[in-house]
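Each structure below is given as structure tokens.
Each of the next two complexes has subunit A plus one other chain: subunit B in the first, subunit C in the second.
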Partner chain A sequence: MIDKTIKDKVVNFSFVFPAFVIFSVFYLYPFFYSFILSFQQTDGIYYSKFVGLQNFKEVFASGLDWQNFKWWSITWWKASSWWNSMYNGVFITFWALTFQNILAFALALGVDKAIKTGKIYRVIFFILPVLSEIIIGLLMRELLLTNPGILNQWLEKVGLGFISHNWLGRESVLLTTALVHSWKGFGWAFIILLAGLQTIPEELYEAARIDGANYMQRFHRITLPLLMPVVSLVIVLTLLGTMQAFAMILALTRGAAGLTEVPVMRIYNHLRLSQVGLACAEGIVLGAVLIAVSFTMFNLSKWIRSRWGVLPR
Partner chain B sequence: MYYRAKKIIALILLHTFLLSVALSCVCPLLWMLNASFKSEQEFRDDFGLNIAAAFNWENYKKVLFDEGLGYYFLNSVFYTFITVFSIVIVSSLAAFAFSRLNFPGKNAIFFIFLTAMMIPLPAGFVPVYILLNKLNLVNRIGYVLAMSNMGLSLSIYLLKTFFDQLPRDLEDAARIDGCNKLQIWWNVGMPLIAPALAVVIIFNSLNVWNEFVLASLMFTDDALMPLQAGLMGLYNNNVTQHTLIMAALTVAALPIILLYLKMQKQIIKGITSGAMVG
Partner chain C sequence: MKVAFRIIAFAIAVSVFAGIAVSVFTSCAFKKAPDNKITVWHWMNDRRDAFKELAKQYEQIAGIQVEFKLFSPPDIYAQKVIAAARAGRLPDVFGILGEKKTLAAFIKAKYVLDLTPYMDEEEKAWQKSFYPQALGVIRFKSGNEYAVEKGIYGVPIDITVMEFLYNKKLFVQAGLDPQSPPKDFDEFIAYAQKIKKSSAADGFVCGWGEGWLLNALATEWAFNLMGEKKFFQTIEGKVPYTDKDWVEVFSKFADMEKAGILASDITTMINKEAEDAFSRGNAAFSFNGSWSINVYKQLSPDLEYAFFPLPKISQRFPVKIWGGAGSSFMVNAKSPRKEKVINFLKWLTAKKQQEFLALETNNLPAIKNCESGFSDILLSLLEDLNILTHPNIWPQNEDSRVLEVMNTGLQQIIMGIRTPQEVAQKIQKIKQRILRQ
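Up next is the complex of A and B:
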């Protein structure tokens, strides 16, 4: 449509206006506001004092235990520090990246092999990602708590009693959290990978089969390169999603006295304790880390694709 | 013969693998359903591992009426409905304008919406919470407003790309017949983008229904809390009442599971398109 008069343009803009207002008030303004807050010592409402970079200093420096510093050890920070929560987040993300995504990839390959029951599996695997994090967290907490110890009894019944132990105890709570997180999330990665697999044209496999390629060769030469964009997408989204995961972990372990405190849980707790400036500083640090990581991953995957994949050089 | 046997073994292995993973997903949910029908005494005897003898609705009655889960449930229905409705109206208006109309700064504004989708804001809830507190918009209005923003960018993007693929002939015809822009949007645009609207509605409904962080922060009045925040409070008040909690979780999970089974095509499409954009 050709609109020349000013009135027309105003009318046209009014279509976007409501979205623009909501967006400005609840996204743009908070985005810049959190930078302002991060330089203050404030509870957000009643008092505020400009303190410069002190919040950031507290995020980075407090909790570093220089006395116990050993260059080979990765746990020389105090249990209640920002670094500890970052470590926990990275630990869970590591398991999500490896265990969850490899499982999802294997399942997607299995279901994609055009078996008749594939659709049922697809429906079942995606139930968990649809449910809320709180439901999954509380349900798994009930199953895993040693009293009454439901999962341990199941394991004993099917003859896997040797695995059973105190799942939410000091030593294993972080690993359990990572596994439950992967268990909740694999269906999501599975669906995206399956959608990617199904876009690969069947003729390519046919041609390769006629040329005498076996399954491994077909997988290596056709599936993997063509799926590379989807794989890197899943990797980036897993990274971003898991580093920001929080509600499930809160419901499952309620922080377990810092043992499973992930970054966003720390931010949430600081907000509840009215340390708003500190919470904002932590949020900015985490956001910067995530942007840097996803940017690096994006370029890395582009490089990998141009090196081994199908992206034209 | 050898080839055939090998193929059958491979299939058996494949199905064992798939089936065991599928069981790991379904068993906890079935256990939850089963345990919710037991009294606490029965649960002490068998930990909910035997199938419940009868449908014992005692836990459900208690959880829905005494513990206030019924209120939380209705609150969530209400917030989800209002939020999704406003997202649909606001985002389809904006998408229509971005796709069909011209105004200065159009591309810049659309670019800002797009960038907002890409940038992760892990602590975005902190300034939003402070802002709404300062404006004295806690509880219902604040929550609905804050949640309306959450799915807005993605919805606009999805609808805009869908609009772009549609032919303009119908709209031209409507304009020649004397429709103004608002009428074209409502009478021609909205019916045409119905498939994309279904995806937007489902994606946002799940988002709002499952949201926890703001839900747990925004409400000063417990009776107004949505479901997820209510569940946490309910759990904290009844840590030892295992079957009661299972009933509460079933109440929260079952509608979503049924909705999912009914509309899994749109749900899966919504989630995958959401992921592909991000």
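Up next is the complex of A and C:
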């Protein structure tokens, strides 16, 4: 009997073993190695010296003027390149969470009802996310540049010349980047939300209609609560995806003198400058922040779902 | 039935894993290349066809196959070489992109062969054939700051010179003499403004989204304004970046912006975009390297332009321009075909092959006395070889963290986010922190 159990376990483990090996080699080992490197000053080739928490100190405190530091001042992060990049990441994420996801939700609701043309829209909206980030960045750059100013010329032609300006100038470059990122990314949220909407049984809506519930009541009492797990998934994926955005921003603005520099761009630049230890420390800090935010979001969504009666309290 | 199913499932799982393992290990294991084949890794897109042709010629002469493998863009190539070195999978010959400290790290890790004994053979004949400026980049003198053993660690393929360029047609349109480029900064601004007024072109375009191009110009002006001694004293930490000379250097970028001569979006522009704009006649001036001759030839063969060293910002010190650092090939210290590789590199840097490369790719050759058949524009650049300087031949180099802040700061000055004084203070702050460490 015992032999059989051990044999079963060995057989079962053998099924998981290939995945375990691949996961260990490509995920666990690099993670632990990055963790070790984050405590070193190293060029990644030859030189390596243990420096304790110095890289983390550099990430958190570099550029901050401690003598005149006012934590309540909303602009203290501007002095630190890392916190400035985090701010840029959060700004773009804010637009992705609101503009991108609301747009995706509205379109998913529309397509969910439009039975005949639904498939075409699904294809159209999903083209953008499957295109390369670099391609989107370069195309949008060509469109937005002041010279030749393709977008500005179009705006002039359709009588909206008053909107035209330097889209990649210092006043608007961050917002432009956030909007381009949201525009490129809404297809993912659209597909996930649409899939979620289609899992809601039609009978529930029919029963609500018979009970006299109007559209808003059906949306508020049926659609939203039942879609909450999917919405929270979309929010977490948007957070993770946007805070790690990089390639499109690099192609669009190259960081625009720090105005659109995001955390991953800083990590990339430090790797390029052979500051491997610092880059790893930044990667660890970013990873920790994202894990903390993701857990918070999952717990928040669980709490909301229980409040709305989808889960037992 | 259940047992049979389990056996089949187990067999499938084992074969899948074995398949993955075999494919991973066979791709990772060092493939032993045939002894008469040399592999060269490079990033030089513009030289792909010329290298291919030379490889063909060499195979006919020596019976040795040379495979040039191109990896692009350069950023990716640089990372690939580092990864290959760590994995012990470097090819026989490769180029190293980046600062001299990267080359030093490769040498200290024993990835790069010291070529001094080969260069010194036959009364240093091979060594003497090169321009000293070309060798300077890959030469380490005794007591160097990187603690690398004295020696020559690479074979230069060409020389690069960074200069200003101007569009002759736009000069004529604006009533300026196309044979007389501006001599100093004020004249440069005046000419650029005049051309901007007389045409739809911008005054100046450059790929200042790439920080190193800003850094190159800033250091050239710094050499001109404060001289080499004060420049290196700044790197040593004896002169602060808040010194009035440095602030004046940074102010020149603000002056260019205030004069309205800069192309819009210049701080987000990569060099390829700037080259494209200049080749289409969209700008009167640019700041670029000698490699751009080939780029302009491909983009706009009829473009009429010329180089000039630098619009001076001072009469106090002589002009120095970035250059010398062309492309170089390093020999893998662990290559089993070292002798064959050296023979091939000697052949590649011989007069006939260098002339071929220069004519095909419009790059300045690394060796002397092969100027016959050069275009006027290449010949004009050769005249400036005696005023070249480059971080890779300096006795000390600035920390990359300081350079990062300086480059971003210069972009911020141009975008009007910070003043030159603020940028100087920010650079000095990080400099002091690094000096304390």
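Just so it is clear, the second predicted complex is superposed on the first by the 274 of 313 C-alpha atoms of A that agree within 3 Å, B and C clash if a C-alpha of one lies under 4 Å from a C-alpha of the other, contacts with A are read in each partner's own complex, and residues count from 1 in each chain.
Just so we're on the same page, a residue touches a chain if its C-beta (ideal position, glycine included) is under 8 Å from a C-beta of that chain, and two chains touch if they have at least 3 such contacts.
Just so you know, these numbers come straight off a predicted model, no measurement behind them.
Participant: Based on the superposition on subunit A, does the combination of subunit B and subunit C result in a clash or a fit?
Facilitator: In the arrangement built by aligning on subunit A, the partners subunit C and subunit B clash.
Participant: Could you look at A:G44 and tell me whether it touches subunit B, subunit C, both or neither (first, second, both, neither)?
Facilitator: After superposing on A, A:G44 lies in contact with both subunit B and subunit C.
Participant: Under the stated touch criterion, which partner chain does A:A279 make contact with: subunit B (first), subunit C (second), both, or neither?
Facilitator: first
Participant: Go through the superposed model and pick first if A:Y205 touches only subunit B, second if only subunit C, both, or neither.
Facilitator: neither
Participant: After superposition on the shared chain, which partner residues are touched by A:G258: those of subunit B (first), subunit C (second), both, or neither?
Facilitator: second
Participant: With both complexes overlaid on chain A, does A:L290 touch subunit B (first), subunit C (second), both or neither?
Facilitator: In the superposition, A:L290 touches subunit B alone.
Participant: Can A:L271 be said to touch subunit B (first), subunit C (second), both, or neither?
Facilitator: Both subunit B and subunit C are touched by A:L271.
Participant: Which holds for A:F99: it touches subunit B only (first), subunit C only (second), both, or neither?
Facilitator: Touch status of A:F99: no partner.
Participant: Which chain, subunit B or subunit C, ends up touching more residues of subunit A in the combined arrangement?
Facilitator: For subunit A, the partner with the higher number of touched residues is B.
Participant: Could you say whether A:V11 touches subunit B, subunit C, both of them, or neither, answering first, second, both or neither?
Facilitator: both
Participant: Scan A:R170 for contacts with subunit B and subunit C and give back first, second, both or neither.
Facilitator: Touch status of A:R170: second partner only.
Participant: Counting clashing C-alpha atoms after the superposition, which of 73-81, 109-117, 217-225 or 253-261 on subunit B is the one that bumps into subunit C?
Facilitator: Of the stretches 73-81, 109-117, 217-225 or 253-261 of subunit B, only 217-225 runs into subunit C after superposition.
Participant: On subunit A, which stretch or stretches are contacted by subunit B in one complex as well as by subunit C in the other?
Facilitator: Common to the two interfaces on subunit A: residues 11, 15, 18, 22, 44-45, 271-272.
Participant: Which stretch or stretches of subunit A touch subunit B in the complex?
Facilitator: That would be residues 1-3, 9-13, 15-16, 18-20, 22-23, 25-31, 33-34, 37, 44-45, 103, 106-107, 110-111, 113, 115, 117, 121-135, 138-140, 142-143, 148-150, 153-154, 157, 183, 187-188, 191-192, 195, 233, 237, 240, 243-244, 246-247, 250-251, 263-264, 267-268, 271-272, 276, 279-280, 282-284, 286-287, 290-291, 294 of subunit A.
Participant: Under the definition above, what is the set of subunit C residues touching subunit A in their complex?
Facilitator: Subunit C residues touching subunit A: 6, 9-10, 13-14, 16-17, 20-21, 75, 78-79, 82, 85-86, 98-99, 101-102, 105-106, 108-109, 111, 202, 209-210, 263-265, 267-268, 270, 277, 282, 400-401, 404-405, 408, 411-412, 414-417, 426, 429-430, 433, 437.
Participant: Can you list the subunit B residues touching subunit A in their complex?
Facilitator: My answer: residues 11, 14-15, 17-18, 21-22, 24-29, 31-32, 43-44, 47-49, 89-91, 93-94, 96-98, 100-104, 106, 109, 112-113, 116, 119-131, 133-134, 145-146, 148-149, 152-153, 156, 175, 181, 185, 206, 209-210, 212-213, 217, 228, 231-232, 235, 242, 245-246, 249, 252-253, 256-257, 260-261, 264, 267-268, 271-272, 275-276, 278.
Participant: List the residues on subunit A that touch subunit C in their complex, please.
Facilitator: Of all residues in subunit A, those touching subunit C are 11, 14-15, 17-18, 21-22, 43-47, 54, 62-63, 81, 141, 145-147, 166, 168-170, 173, 252-259, 269, 271-275.
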